[in-house]
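Think of it as A, B and C in the order they're written, each chain with its own count starting at 1.
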Amino acid sequence: MNPGGLPLRRGLISIKDLTKEQIEAVLSESAKMLNACQCGADVNYLDNKIMATLFFEPSTRTRLSFESAMQRLGGGVIGFADPSSSSSMKGESLADTVRIVSSYSDIIVLRHPMEGAASEASASSLVPVINAGDGTGEHPTQALLDLFTIKMEKGRLGKLKVAVVGDLKNGRTVHSLAYALALFGNQILFIAPKKLQVPDEVLSGLSRRYSGMVEKSESLESALDADVIYMTRMQKERFASPDEYGLFANYYSINRKFLSRANDEVILMHPLPRVGEISPEVDGMKNSVYFKQAAYGVPVRMAILNMIIGQQSGIV
Amino acid sequence: MNPGGLPLRRGLISIKDLTKEQIEAVLSESAKMLNACQCGADVNYLDNKIMATLFFEPSTRTRLSFESAMQRLGGGVIGFADPSSSSSMKGESLADTVRIVSSYSDIIVLRHPMEGAASEASASSLVPVINAGDGTGEHPTQALLDLFTIKMEKGRLGKLKVAVVGDLKNGRTVHSLAYALALFGNQILFIAPKKLQVPDEVLSGLSRRYSGMVEKSESLESALDADVIYMTRMQKERFASPDEYGLFANYYSINRKFLSRANDEVILMHPLPRVGEISPEVDGMKNSVYFKQAAYGVPVRMAILNMIIGQQSGIV
Amino acid sequence: MNPGGLPLRRGLISIKDLTKEQIEAVLSESAKMLNACQCGADVNYLDNKIMATLFFEPSTRTRLSFESAMQRLGGGVIGFADPSSSSSMKGESLADTVRIVSSYSDIIVLRHPMEGAASEASASSLVPVINAGDGTGEHPTQALLDLFTIKMEKGRLGKLKVAVVGDLKNGRTVHSLAYALALFGNQILFIAPKKLQVPDEVLSGLSRRYSGMVEKSESLESALDADVIYMTRMQKERFASPDEYGLFANYYSINRKFLSRANDEVILMHPLPRVGEISPEVDGMKNSVYFKQAAYGVPVRMAILNMIIGQQSGIV
């Protein structure tokens, strides 16, 4: 679909816009950023640059890690954090808002409840736009930090059996992750209740291109021999009613007992926040890497910001 | 009224506090800032300085451009963005709030729903105060960026026919702009529905001082030969009822057809956000400068901040 | 209770975690910071460091002075300002939120409605935590800036008669201040309506350790010969009903007439915001130091931040 790959310089709307080589370049730059931070090296690559965070939907985690990344790089931040502040733009089109804010900043990070918002924003922006989640659409920097976590914690990104668990019907960010995992030659096991299983078109799209590497299951038991277990939250807001949510809220849950039966080297991931999917009793186990995963959000976003608007990275 | 002009060092409450020479100095500094930004020159003039943005009323556009300006200059920003955060000061007088925050910062940018708030704040502040809009009162940095836009886009500021269109009764920021336009020897045409026409005292004040340069009209047709058309939004919140607002909401609207009949060199301005006053179909025309106008907000506010609290600008 | 004193490097949860020597070190560093700011000296000690302000309860004053302090030191700030933004973390435990944000930042400043929240946060944080108020619990940086104010304005910290006035039952931050005042050998006079007097266990705790130095009274008259009068606000939200609040709202109030009868050298303090406890008519009197007290919040918090995460302060 995207054989040559868009230059990252134009922003980041979908993980599918990136080639395998571009993803590898992001992961490699992320490792350098991580290392620089740990050494206390000077990384003021974005001095005097301004990032605008336009969050039409609250998302503290993503916003704070982006703002930390930008400031670690010496840049400044403007923006708003929740829908109520954006009400001040009442009556104004997203295109106008983005066009104007793009004249105040060097890069825009957009979170919006409407699928396709990032792509629309990008069309009217004077500066690159990073999609930080558009409704049930894409969230490419999350996918990249997930891949980075796997690479760092498993030592490689490929030939792994990855179990993805939870609401795989509504959680489309999971579809992007699945796409990238398949791209790197991993085996993917989709574990979900029947009603929340990954849509057929996603599954058939993946199996056509990566034959034999995709399976589905209803049972967490099938994850026992996985190299990576990626848990996700049942998102209350995506269900038709509280009752329906109640049916699935704690459908899958990982505790110490489960892990004792699992592959000893398995890593346990979660985009967080968790509700009941992972018991705090396993937080201290070597398999539990979800907090590290969250922490990797900063170096990965530093790498992305610098590759898009930095002077010193002609890499991609 | 203000023959000598207050030193800008004491803050900026009303455009009427500035002499013609001071306004010219601001515009000249703004051009330097614009140029410095475009060249990527180092403009860290306000390193270690802190600007407090106290927004008792949301105003994303003004706030973000001020915060961008301050950070482009190397300074830091503290503050709050909307009325709900300021509720934490419940029971506290504006004077106390401003007095305290002025001891945390080097300059205060205040937005407040009450007319006269900026002046009151200035009296209790230890640092200069910039009025970023006080209710139906003044908004001097908007007037200055409007003047800067005219100068940049028309090549001069004077001997122009400027049509100001919309709700000229309630929109008092327009009165400040009119005052400044008259000061620079422009001809002003006020276009509004009868019920929303510019108040007689404003009109007679201007005609007394600048005879023959002020006219009024109900019809947008009279703007066809103008050099500048300045559209404004009918502000819902200023009308007595939704019905009354409905009567005037789309009273005037500019589209491609209208522009094809207008002065070929006319520039079309708008403080934004627009609702229906300007059709997006004209966005790409050379006459449409409203997005440039918004963008000029940053260099103009950089100039103002630096002239008030910078070390290197003994100009005014 | 804490003979050796915890190293400040681990954060600041309670004033009681600090020894007298450590408190003196903080005050001495604060004086250096104040001096550096007044001289315009370069104090970029925290370049590239990030402070996270997690305010689960609005508190503009404390938040803004922390953010000013951090930026004066060259550092960056991330965070949220009010409960509504934190609702985005719905369903997530405080421990998880803090753990994650601690991987984005170098220090966390936490405000939370629940007593004990700061201590709980500290247990799950990877970086030091500063308690910026936990419900009716502690607010140690307020106590430190209060002590700093007394030292600066009275020239010493000890052998003073300090009258603490207001709601001494619910305002536990006052208990921390009382503890520190006693530690430095001051005489404390608690002035409150009977129903709002300091709890017996606090009083007996203090009198056991510092015999004869603690008294209580119902009348403001007993403060006439004090060296320091520390007024506090009756906090509406701590009363059972508006009626009960009404009974005490303006129980004590200081005006020009009262001050004319008081010790000529008395200093009048208040953590602010004030409602009716101090009449604005005394603002200009030399005794009124409450605005200075608020201003001292910045150098004191600069000192604390630098002592906890700076490179250059191995002092404590």
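FYI, a contact is a pair of C-beta atoms (placed from the backbone, for glycine too) under 8 Å apart; a residue touches a chain by one contact, two chains touch by 3 or more.
Quick caveat, the model's predicted, so the values are computed rather than measured.
Asks: List the interface residue numbers of subunit A and of subunit C, divide the shared ones by all numbers used, and answer same when the ratio is over half, different when under half.
Replies: different
Asks: After a C-alpha superposition of subunit B on subunit C, what does the rotation angle come to, in degrees rounded to the nearest 5?
Replies: Subunit B sits rotated relative to subunit C by 120 degrees.
Asks: Averaging over Cα atoms per chain, report the distance between subunit A and subunit C in Å.
Replies: One centre to the other, that is 40 Å.
Asks: Give me the residues of subunit A that touch two or more other chains.
Replies: 84
Asks: Could you list, by residue number, the parts of subunit B that touch subunit C in their complex?
Replies: Interface residues on subunit B, with respect to subunit C: 48, 50, 52, 76-80, 84-89, 91-93, 95-97, 99-101, 103-105.
Asks: Which positions of subunit C touch subunit B when the two form their complex?
Replies: 42-44, 58-61, 64-65, 67-68, 71-72, 74, 81-82, 84, 272-275, 280, 291, 294-295, 297-298
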